[in-house]
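Below is the structure I would like to discuss, written out as structure tokens.
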């Protein structure tokens, strides 16, 4: 890749994306050939807010490449408590490791941090900002199951606050995809995201009812509707109940439908779907490892 | 072994137990020959409640086999906080790793979790339920010091709530052991455990005074009496004081007596015993590593 | 080294110090030759209080030597909560690992713990006591940048409570150094430290104003003045403001001045210094890895 750091999915061209996904497919096809590729390499984990599965899959990825990690631990036990700036923290950790993964509650933190370090830095989520490796593993899962060409995708749930959804929708504009957005009125796609998608030439449709569009979908991407978005508990239960998927819902779907979810889920997808061929959300989570292996491999290759 | 998972000590036959203990003895005799046996293998640590020494010894065991671990971290920083089910969590972590260790505050959690995963799962304690690797390391320590045949063992302390004790006593019914249980009336062995031991043909005796039985013991297994079991603080101190072992107590013991304790101890065994030949509780703790290495080696061998 | 454990910088002779620093220089010159030197070795991390960067750099050091770590985790999740003694904890962890690093809030903890274990133990800070690896990395940074012979060093900030400063000043008495101490009256060097330095034949000067001495310095070692030392917030701000370094301050310095700081810093050194040739504090932090690699290499070599 022509990048030193991975800060946003937006920075990636179609060629960049395909480079990562092709490498991830190589990993999946022949994991043993990657098993010692970065022996001796240390990846610094700087998680300024908790994120179990992102952290675990970066850790597994680095270890599957033969390397190891050094974890800053929680902010409560770190120098941050003593008033250290983010710039100082990453400059210290940089000296212990060969690459950094940063998670931070504030938007823009990854970009700022990247300006202070010479080793490759990967943004693992910066508040309302970006989480590009989630987008890459989503794209990989779509490509493996439905293909990225001539894709018809439905994205359902909380489209207003869902960072994951905004990144994925934007990334899909690199491909020839028709995007259907399904949400309650109060959780519709923000005007700015809709505008960006239109500017990028995307075919975008919005719905409040999944039944309007389910039969034509290749992929249905479900996200969690968060209780804390609703001032009224009853309102939450009423709305959330309408955006749940169960076996009944999927009777109208194509047999080839791929159901995805960034996890963790609460009630959005009924457990009865888990054992069906539709369910690809655990596979999607597992794809975090080969995709992050591919990304680290490419970044470390370039920085070597 | 014929098992995919290790959920309870009860599931193990005498042959299973001897297979693990023999393998552990091989580890102790020749650790270097195991040092790269599982290079590239990742063990997922899912500890839903804290357990320092169990976690550390599983981690050391996997690393001594040449592999590595990926740790879910504390529940406070995990997706569990967002309402994720145990079944979902283990299905996600399974995709990052080659085997799982699960610790959970609720009885039955390990069994339930094992039904959702394909990789080997080891129960590292599920509330009032089981903790089979503790039993295996106890058996290994007994075998190394006193032998498991014609054994006369005294088990002292909290016999009512002690999960460790119930598992060990049950496992010993596979061997030709005479078991003496020593406790205050209020902390006697539960009726159900006593019944199970009788059903299994065990020779069982109960006492309130260690002096009645100490001279004939090959092994004395001491457990901690927990303050929180007593509504009255003075009552706790009175009782706990009667079930402590010091140099004076052990004057009546055989020279070959092996004193064990699952640790941590508080005041149950006086520090003056630590330097004597009786004291095997640190050796017992250390045996957690070769025994868990043996177990992981056997489970991974079968799943490969 | 003739030592099994590293407990204080005071225990080290000039020859010991040079042995470690020379080995660290070898690491820096040829890190790859150390990359597998301690493959299979496990280092136990026992941190009874948080210390991000010390822990991370020990972890990185052990991993850069080809080994691995087993971390006790936070005290909140450990057996310590159940009332276990320090002596018991280190004796258990010793059985899982090949060497120990101990951090503890109480002075003397490392010495006490070392009496119970057979594996090498390194003191990573014991309250108001010692933190010898910080001193070693400070000495290494001084030697690499200014040399330890004929050194003129200024040590500025909180000289009363600063453990780091006392250890460094004492260690420098092994070399031919002139030491200038710069602090507000209320944070002057304690009488006992001043006495020890004089006894050791050190050339010591005390100042309240950095300008008196800056031009003649080879090294300026800045430390943090902690807010919690001042009953009055305004007094803190007034004093702390006088002991800050910025580009204006350094106009009076030699072009070859090396500015150091144990980090984390708050406002003691203005960010505008970071990009200058004076700034060696990030390099100093990074030196924690080769210096700790050197130390572990020497201790493990001797214990093998």
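Note that the chains are named A, B and C in the order they appear, and that numbering of residues resets to 1 at the start of each chain.
One rule holds for everything that comes next: a contact is a pair of C-beta atoms (placed from the backbone, for glycine too) under 8 Å apart; a residue touches a chain by one contact, two chains touch by 3 or more.
Remember, predicted model here, so these are calculated numbers, not experimental data.
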Just send me the rotation angle from a CA overlay of chain B on chain C, rounded to the nearest 5 degrees.
120
List the interface residue numbers of chain A and of chain C, divide the shared ones by all numbers used, and answer same when the ratio is over half, different when under half.
different
So what's the Cα centroid distance for chain A and chain C, whole Å?
40
Tell me, which residues of chain A touch at least two other chains?
68
State the interface residues of chain C toward chain A in the complex, per the touch definition above.
32, 35, 50-53, 55-57, 59-60, 63-64, 68, 74, 263-266, 271, 282-283, 285-286, 288-289
The residues of chain B that touch chain A in their complex are 40, 42, 44, 68, 70-73, 76-79, 81-84, 87-89, 91-93, 95-97
